[in-house]
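Following are the structures in question.
Shared between the two complexes below is subunit A, which pairs with subunit B and subunit C, respectively.
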Partner chain A sequence: MEKISVIIDGKTLHAVKDRCVLQVARENGIYIPSLCYNSEVESSGGSCRVCLVEAHQGGRMRLVTSCNYPVRAGLEVKTDTPLVRRIRRGVLELLLARVPDSEVIREMAAREGVTEVRFRRDEGENERYKCIACALCTHVCAEVVGVHAIAMTERGADKKPATPYHKPSEVCIGCGACAYACPTGAITMKETDGVRRIWGKDFPMVRCSVCGAPHIPEAQVDWIVKRTGKDRAFFDKCPDHR
Partner chain B sequence: MGAINSIEQLESYRRELASKVRADLPTVMVCFGTGCQANGSRLVAEAFMRVIEEQGLKVGVNLGIKTTGCHGYCENGPLVALKPQDLLYLKVKPEDVAEIVEETVKGGRVVERLVYRDKITEELVARYSEIPFYKHQHRIALRHIGTIDPTSIDDYILVGGYSGLAKALTMKPEELISEVERSGLRGRGGGGFPTGTKWRSCAAVDSDVRYVMCNGDEGDPGAFMDRSIMEGDPHSVIEGMIIGALAVGSHQGYIYVRDEYPLAVKNLTSALEAAREKGFLGPDILGSGFAFDIKISRGGGAFVCGESSALMRSVEGNVGEPRAKYIRSVERGLYNRPTVLNNVETWANVPEIILKGADWYAGMGTERSKGTKVFSLVGKVNNTGLVEVPMGITIRELVENIGGGVLGGKRFKAVQTGGPSGGCIPERLADLPIDFDSLTEAGSMMGSGGIIVMDEDTCMVDVARYFTAFLVEESCGKCTPCRDGLPRMLDLLNDITEGRGGDEHVAMLEELCDLLTWGALCGLGTSAANPVLSTIKYFREEYDAHIKERRCPAGVCKALITYSIDAEACTGCRLCAKKCPQECISGERKKPHVIDTTRCIKCGVCKDVCAYDAVRVS
Partner chain C sequence: MVEVSVFDRIIERYERSEESLLAILQDFQREFHYVPEEGIRRLSEVLRVPESKIYAMGTFYKALSLTPRGRHVVKVCTGTACHLKGAPQILEALERELGVKRNGTTEDGEYTLECVNCVGACAMAPVTLVDEEYHGQTRASKVMDIIRKRTEE
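So, the complex of A and B:
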């Protein structure tokens, strides 16, 4: 891995070439807000725009999303200029207008001094009342889980993740990776009496043979066994009792 | 004959075709562009065949007949061009055909009632090249359209087709690239990126696979230059792409065409087949050993798919969404391979540049915008259609000389250029030369070349609202500024045009524009502020009139206008009362009428029908 040096907020840092600015910043304790990016998910990022920073390179300045802008020799990044703050505030105000009930967005906006929305608030349907349409859930499902149970549907302001035709998905394994990855907690996943409900479908859970706690959906076990050839008996016990 | 195996064979085939052509043979060319077909040109062509048969004439002996691509003057279709006299007949109906055959084809005389009549001077202009709409044009990208049959590869070869390729095969890739660089050709799709530079960057990337692509996803409302080229001269695009493939070392090309262009898909498909059959495409092009072929990929009609990275995603079979282009598509494009993507018009220019040389091309246009550009001239102007002119022509020349001035003698107010995310340029800047940089400096852009002429009856706030509404519909929704910012902009514009605008509205619009310009992901979003910003810049007083005085100066915004009848001018003819869909106009015959404004829906029918200009909008 080729190492290069970049400057972020005046500090000269050594970093792996082509790693994204956001990751390099995080590794060095520099805060850049971010929502839609997850370093484990290749296609994630570039959508929410809260991580915009100034990239100065070759005598030219651009505002770029730090989550997918590659670091190369000669790059200087500024994460806290008046321009960055102005655009970041604008993005957060729009997000706040979209999902006023999301605590994550409220906190992030407040940190940038945005507490009120001057625009008409979105009269969103309940299923998207915390969703910022960043598509991270769909990327996780496709790339990490490998299932493709959900995808982004519609376009423009109506864009949202959904199962095909908004019907319970035939391929979903109920693993909940989408819900865990969602930056705003917009995907509801509930467990009652050993049954997990997500995306409008019920998933019976395997109970731990020691403590009796439901710990993994049966469909997820089937999937893992099929994909990896792992012994099914491994899932008889919950992680605490293995 | 089968495949042509060498450049020599191509030339002898061309000579053979030429030897069969009789220059003196009267030839009828019926336009089969989409516009003329919609106006019934198919029936006109059928009528010709019927009349020819009835009169015992033989095609190829007594006369020639062919169907061609779009002449660009669609509002006057169906168009019929005639050789050798170089005539153009407008609005030809099947019942005119017998007379055309008798008078013009047999007798060589002009049928005057089908000839262009100047709207102002009333002068008749029979010769194609003398009609003002065509006289000032300089056609390179459109060089063959209207004269050749797009479904005949022989027709294309006869006019010199594939000579550019033949020459390119004798040149080194490096020579091809520098020729295009020196020509100064810049991307015609909107960005204006230097084509040669793009080719060079792609060729420089180390990869065993490279792609050459053509963007035929023309989505700007009112723009149809790319459609016209794909329909009317598909081989020029194919030839350009083969030359591009030679230059960058690609063996597979893709043409992305929107599915709303069925005729373009059809003509391209048959042109590709013919080119393969003749050996211009395939494993061994003209016996040179170079292999290249082209596939057609049909788009679903999303405006954003004209954006390069979204287009590539769409060809790959994914949802057409843009991605960040921090790594450019010349490095990692289609299927993550180095890719050259050029627009239809750009490709169509390439064979001519190679054939005639960079200096010839660079001799036209302005210092930084070389060559010619096809514009789609529409709106409140006498002559509308496709025009190709040298770069650097002024807006006024385009509107006055080619467009024949503003319709109905009204005042010329502005032009909107560059498609939905272009901007409006006021009449006082009409002497601005049209080139990539001047338009951008003026707050608009070249875009794909749409020019919408606006007169005094156009409300500029309403124009901004219209284009913003279009962009709201077409935003893919991937990034926050575009997805959530544009609808908020539209809210504000609706407030202003509906009389709810407040003091802070313009400032908030400007703030959102700033956010889009800096913060959006792709070109659609970063340019989406242009309609609003340019109208605020040049027509601020109209925004102020809507907000401060609750008045629409152009009389367009319904919430802010009322219709009334001027009692002095009204003759009491009853026409408006009869036409009013609300039946809210009362008054006795020969006495002034009155509009009941409580029931009026402001449809404007009364104003349109009044012969005495007695209806007032205030």
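So, the complex of A and C:
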């Protein structure tokens, strides 16, 4: 791994070449707001645009999304200039207009001083009032879990993650990775009496043989056993009692 | 219910790769006037592409429809130029004449009425397309004449 040095907010930092600016900043305790990026998910990022920063290189400045901008030698990044703050406020105002029900967006916007919006939300058919259509959930399902139960459907203001025909998916294993990954908590996952419900489908859970707590969907165990050949008995107990 | 073999006959025309997806979906659209759910399912099996991905494509492209469309498709351009030249009135009149709302299909399965945003022929505004045929400087009555002639054919 080739190391290079970059400057972020005046600090000279050593970083692995081509790692994204956002990750390098985080590793060094520099805060840049972000929503749609997850360092574990290869194709995440580049969608919400709250992570915009100034990238100065070779005497030129560009506004870039830090979550997918690679660090190179000679790069200087500024994360907190008046320009960055102004554009970021604009982005947050748009997000707030789209999902006023999202606590995460409300908080992030408030931190930048945005509490009012000048835009009216298009009351379309978008029933997911917290979804910012960033596609992180679908990337997680496809790349990390490997199931492809959901994908981004429609386009423009109606864009949203969904299972085919909005029906209970035939391939979903109920793992809930999409719900955990979603930056705005837009995916509902509920558990009642040992049955988990997500994307309109019910998943009976395996109960721990020691404490009786439901801890993993049966369908997920089937999937893991099939894919990795792991011993099914491993899942008889919950992580706390293994 | 459409037989699986009907889809296979179309799928066979193409290379078994993800790149063939759109072309196959377009053929489904042409053949059935929409993309049937069983078709997507079969395509997913044969090409080994997740159903969610194909379904998403189906919702993305305006040229594809996931619900049955009429044998004839009437598209009223509601782009800026056409809007100024009276597209809303044309649309309203057609809705009345055909007895459907926009994006609706007549009960006999003959017509689907749709709106499009600027078809790149603003000089001819207002523009209406009947089965991909451009008609410029139209009025609703003129469009109805064209439609009637089509039905007789």
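Definition applied: the second predicted complex is superposed on the first by the 237 of 242 C-alpha atoms of A that agree within 3 Å, B and C clash if a C-alpha of one lies under 4 Å from a C-alpha of the other, contacts with A are read in each partner's own complex, and residues count from 1 in each chain.
To be clear about the criterion, a residue touches a chain if its C-beta (ideal position, glycine included) is under 8 Å from a C-beta of that chain, and two chains touch if they have at least 3 such contacts.
Quantities reported herein were computed from a predicted structural model and do not represent experimental measurements.
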item	value
Partner chain(s) touched by A:83 [first = subunit B, second = subunit C, both, neither]	first
Which of subunit B and subunit C A:105 touches, first, second, both or neither	neither
Touching partner for A:163 - first (subunit B), second (subunit C), both, neither	second
If touched residues of subunit A are counted for subunit B and for subunit C, the larger one	B
Touching partner for A:25 - first (subunit B), second (subunit C), both, neither	neither
Touched partner set for A:152, first subunit B, second subunit C, both or neither	both
Touched partner set for A:118, first subunit B, second subunit C, both or neither	first
Subunit B versus subunit C as contact partner of A:142, first or second or both or neither	second
On subunit A, positions contacted by subunit B and by subunit C	151-152, 154-155
List of subunit A residues in touch with subunit B within their complex	46-50, 52, 63-65, 68-70, 83, 86-87, 90-91, 94-95, 97-98, 118-120, 122, 132-133, 135, 151-152, 154-159
Touching residues (chain side subunit B, partner subunit A) in the complex	302, 319, 323-324, 326-327, 472-481, 483-488, 491, 504, 508, 511-512, 514-515, 518-521
Touch list for subunit A against partner subunit C, complex	138, 142, 148-155, 162-165, 169-171
Parts of subunit C lying in touch with subunit A, wherever the complex brings them together	37, 40, 50-56, 59-60, 66
